[in-house]
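A, B, C and D label the chains in the order they appear, each numbered from 1.
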Amino acid sequence: MEMDQQPTTDILTVETIHTYIGQFHILEGVSLRVRRGGVTVLLGRNGAGKTTTLKSILGLTPPRQGQVILDGQEIQGKRAFEIAGLGIGYVPEHRAIFRDLSVAENLKIAERRKGDLERRADFIFDLFPDLKRLYKLPGHHLSGGQQQMLAVARALVADNKLLLIDEPSEGLAPVLIEQMMEAIRELSATTTVLLVEQNFIMASQLGEHYYIIDDGRTAHDGAMADLIHDTALIRRYLGASAARVGGEFAARSEQRRGG
Amino acid sequence: MKLKGFWRQNSTFVVLMVLLILLIPLGWITMGQKPFVRTVLSGLTLGALYLMVAAGLTLIFGLMDVLNFAHGAMFMIGAYAGWQFYTNPTFLFGLAPLVFALMTGLAATPLLRPLVIGWPVPEEWQRRLRTFLILLAIAVGVIGVLGLDLRDLAKTAMVSTMVAANPLAEATPQEPLARFWLRPTLLLIAGLLMALAQARPGDQTQIVHRAEQRRGWIALLALLALTVAAVLVREPAAIVVLKMNANWRFALALLVGMLIGGGIGAVMETSLVRPLYVRPFYLVIATSGLAFVLKEVVQFLWDPLPYQMERPPLFAQPGKADSILDWFSAQTTTVDILGVTFPSYRLFIIVLGIVMLLGLLGLMRYTRLGMIIRAGVQDREMVEALGINVRRVFTLVFAMGVGLAALGGIGAAPFIPVEPVMGDRFLMQGFITVVLGGMGSVSGAAVGALLLGLARAFGDYLALKFQLTPAISEASTVIIMAIVLLVRPSGLFGKKE
Amino acid sequence: MNTTTSTSKTRVVTGRFAAWAQQQVGGLLLVIGLILFPFVFSWLYGSPVDSGPPKFWQGQLIVVFITAVYAMSYDLLMGYTGILSFGHAAFFGGGAYAMALFLAHVAPRIASSYRIVGPGGVNVTEIVLLVVGFLAALVVSLLLGLLFSAVSARVKGAYFAMVTLAMAEAIHILSKATDFVRWTGADEGLHGVPVPAWINPIQFRLRFYFVALAFAVVMYLVTRRIVHSPMGRVFVALRENESRARMIGYNPAVYRSLAFVTSAVVAGSAGALYALWTMSATPTMTGAGATVDALIMTILGGIGTLFGPMLGAALMELFGHFFYQWFGARWPLVFGVIFIALVMFLPYGIVGTWQQRSAQLRALLKRASQQRRQDPSDS
Amino acid sequence: MNTSDVILKVCNLRKEFGGLVAVDDVSGRVLAHTLHAIIGPNGAGKTTLFNLMSGTMPPTQGQVFFKNHDITHLPPHRIAHLGIGRSFQITNIFPNLTVLENVRLAAQAMGKDSFKFWHHFRHFQQYEEKAQQIIERVGLQGLAETPASVLSHGDKRKLELGIMLASDPEVLLLDEPTAGMSSEQVPALLEIIHDIMRAGDKTIVLVEHRMDVVMSISDFITVMHQGRVLAEGTPQEIAANEAVQKAYLGALYGDLGLVAEA
């Protein structure tokens, strides 16, 4: 295995991984390359295998075949805590915060070294000012949007070089989606983000590079700027409404260029 | 708003406490002062004992979803270990080098890994090789233990209970060092063979960590030094312990019982429980099988007889103290509490229970480990994803839970007969306690233990009054549990769903 | 026309019978073997059927037959319905105590006042009373089954296991409570139960042997029919996916209590026969040990197979006998270690593992024969 | 609109989980013999609404009516017997039983023979025959004796549908029947749904994630967002509805100025 082909551009390489959950063959050969810096988006229908891809990278559902290379180091087959310890933060879907722990504890538990939280507190409260106000409250008192913010904030406590974020917009009100988008944009300036997102507007606004997962395989990839022009492709894999958003974006970018 | 939230969270607790407080004057008046106080005190004693079993059970269940049916056996093992340490520790000191030697061998696993993963072992032979190595290790280990002075334990135990005044006379002579050193050596080899199997020769899919290597060396050397030390101090240490002040010896016995329990818990989790997490059904069966085996082992070593452990001198001076303050200077067997003559050792059990509860609550509330446990009860996967080694936390919590049960065992030993079945009754009551309080909740277990202890004590009182036997009140605790569960299917403080 | 249809019909019937016999050939051979066993054994051993080792081994097998039914009843609950109950001893012991109490305290009074002698001097009263005793045992275990399922209806998972355990423990405590010593003998148990002379296991061991054998065979057939009935299929559905079973219109609570009651009645009948065999009822029969025995036998033989637990029962009795001879009083230690190893490494039990292996083997053979068939065409 | 045509009605339904309001004061009705789709983005409360209608969860507030009977607090098995069948988004079958047995059990559930323990289950041929028919209808012929757990994902989705059809419900609640299917498998499943509608005696309530599938097959559409009903109407009306466009197409409408094309 050539380990350091492009140590500077790719932070994460996933090579044809196959993942099973019980007897179910969920991933049948997913390959990805995540470039250092910015946001890479995983797109695809419900049940296509996006979440499983994230979990496979992190070792929560370890792949049976294939390779996962983080910063030139093979990490497949390691235990999840070891992989996370190498600098991967994870924001699961459905706002999986610890409901019986306070906001403070939810953040504190993510420390990998003593004092992590103090060091990062300003950055986190800058992104999500609400959390400062709610600091002492137990997690189950938070609203859905606040829980989602806490889940993202939790992944920022430790020094992570890569964040895996799974559907942060799910079930959020439009205003909150906008806030979340801003936050992710801001944090992606310092960290690489691999984002799973169904909301095509959010995905297309944030992502520079995209991968489409379909039926447990990587079906397509490229630059987001190209994808929004390819209405047929979007319609095929993501549905009509996403295609319409893509069309709208394409038209606007044309306009901008024209004007 | 805040009050409403507080009420919603703590309503059960508040209602229960108010009820209990209302019952006090009622009991005081109807029963009369003396019987009432006596009954409350015995209820508290029982509650403390139940808590010691239930705390570990509820922790283990909450975090790992494991119903540990061997918990009662651990209570018993703790009692035997502590009692043995208190009366005649030669056996334990003779065993320690062997255990350390085996651990030393096992600690070599990460060091062997980089050496053996390159071995040219074909894939289909890897498993067979590992099985062979483990069987070989077991054989070597058995040879190492063979002929150890085990059968004399029952005899010395009997003697030491009879001539309690001078236990030194019973310090059995041990095998001479010239012959004994072979045993740890053999166990070291057994441990190394197991380590070799664990390093999975030929399996190149493994990853070798540098950090693990360095830590491995440190652990190996430390354990080796410990083994050598244990071999050397084997005889003198036993004599030192026996010459010690009996109160200190008892305190040390509490610690030793707890540590041995914790050690067994850790071994049990890594060897027996871990492979079965995916099959919870079998976990129940395996732990009850283990309880069965442990009871048999104890009967094999100590004969199936009940023993009575003497009380440490702190609670054994003849006479009665007029108050608790008085007892501190007189150290008498009994204390006068609100007109009731009460055994001072039972007060010690109550205090031990309270200390344990406070320690545990503090641990859960204020330490990082406690935070991880509380988080893990909700979502293990996410805890792991944050970079925390959940598997190690599991082992730790399991060891802790079992250690608490063992501590309960040795604490109870001067108070109830030390016998192979001593854990069974407490396991049953411990389960009821945990179910009452709601599985996974430490404070729930505490309230459950309090309720159950008091219910038993008052039940016994009522049963006697109506000329029934305590058996009836014991059986009726089940009815309490059934009623609670019919109203709240997941216990008083359990999570819904 | 008519004749042809009738012959084809008979052919169908005989064909069906032949197919059935072919399917059951192992079972039939086993039953025939067990019928012949006392005679063959005594002939081989050279001592009469009703004394010495032949009598002893009949006794061993009687225990096997009874515990086999008991283990099977447990599997009906655990293996087929997916209910992990820790209170099974209550049903077994309940049946045993019902039978023993009836024979010891009720039957003699009735027998002394009413005495019917049938043709040939047969004591009809005795037979009727025995049947009534047996029915009493069934009713008691049925009620216990209802009680258990009612109390545990709302609790799930670990709570359920605990509730059943605690209920059984309560019954165990009552069975040895000194309050009822006049009737139950408390700790000692109820001994010297007046079992009707004609079935007395000491005098008429061989007769009892056949009764127990017939009991085991009948109970096996009944249970198998239940498992394969529409109701039994619902049990399996509950085991597989309770919430889905509820969504397609089955009320889980009802079927769970049905499973409980069925299992309790089968276990209670085994307990009643066991009381006759030992002529006693003791607290050990209601104790947690008896539940663990059922569990061990079921796991040993294989969960979810009716025959597995029966085989497990036989193996455990035989192990017990020989281990005692080899290892002395501490034989359970050896057995316990073997059992744990079995749970760890042979989780499907003997019958289960054998079924898996044979399925794998069959698949392998099939593939091999297909290849062989293809090979000539290739070349 | 004649009220007797209303087969399913929900009034002011509300469901809270902890601090989260999943379904927020939802009212609506489903007309008999129509295909009524509920759409909305992830987390809009569609599946929760289904859970409330099929009795899997009790609502915090509000009522559910089936043919003018209040079924709000009936347990799921009673609701199933009344004639409401339901399929699940996450495949929910009896994994270790064969396909035939899966469907047969569902057919048996509606009969009166489930308490009979003295006959072999093969004695009741009618269920077996019905199961065979259904298996063919959902396109699983030849797989009757296969254990359900080894089916491919698409076939499992079909089995899911078959289990529901076997109990012959009047109302079918389909929760994302195409979830996890590849684009090639979807048309076959839609064909089955069309087939059911053509028979004319069933009402389907369909939760879907994707607008394109829904637009082509439904008679009425309810759009949910944030646990609330955003709009209701025929596919044409929905396509023309500006609020729907805004909410459903994304959150940044103000910024982007997306307008419906109608």
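Basically, a residue touches a chain if its C-beta (ideal position, glycine included) is under 8 Å from a C-beta of that chain, and two chains touch if they have at least 3 such contacts.
Worth saying up front: this structure is predicted, and the values here are computed from it rather than measured.
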{"item": "Chains touching both chain B and chain C", "value": "none"}
{"item": "Between C-D and A-B, the pair joined by more C-beta contacts", "value": "C-D"}
{"item": "Closest chain to global C-alpha mean, per-chain Cα centroids", "value": "B"}
{"item": "Inter-centroid spacing, chain D versus chain B (mean Cα positions, whole Å)", "value": "52"}
{"item": "Inter-centroid spacing, chain D versus chain C (mean Cα positions, whole Å)", "value": "44"}
{"item": "Chain A and chain D: spacing of chain centres that average the CA atoms, whole Å", "value": "31"}
{"item": "Touching two or more other chains - residues of chain A", "value": "99, 141"}
{"item": "Residue list for chain B, restricted to those that touch at least two other chains", "value": "none"}
{"item": "Junction residues of chain C - those touching two or more other chains", "value": "none"}
{"item": "Chain contact graph, described as a line, ring, star, complete graph or other shape", "value": "ring"}
{"item": "Touching chain combinations (by label order)", "value": "A-B, A-D, B-C, C-D"}
{"item": "Residue ranges of chain C touching chain D (in the complex, touch as defined)", "value": "225-226, 228-234, 236-237, 240-241, 243-252, 258, 262"}
{"item": "Parts of chain B lying in touch with chain A, wherever the complex brings them together", "value": "5, 205-207, 368, 371-372, 374-375, 377-379, 381-391"}
{"item": "List of chain C residues in touch with chain B within their complex", "value": "84, 151, 154-156, 158-159, 161-163, 165-167, 169-171, 173-174, 176-179, 288, 292, 295-296, 299, 330, 332-333, 336-337, 339-340, 343-344, 347"}
{"item": "Residues of chain B that touch chain C when the two form their complex", "value": "61, 65, 67, 272, 275-276, 279, 281-282, 284-286, 288-290, 292-293, 296-297, 299-300, 424, 428, 431-432, 434-435, 439, 468-469, 471-472, 474-476, 478-479, 481-482, 485-486, 489-491"}
{"item": "Complex contact set, residues of chain A against chain B", "value": "58, 60, 74, 77-81, 84-85, 90, 92, 96, 98-101, 105, 108-110, 112, 141, 154, 158"}
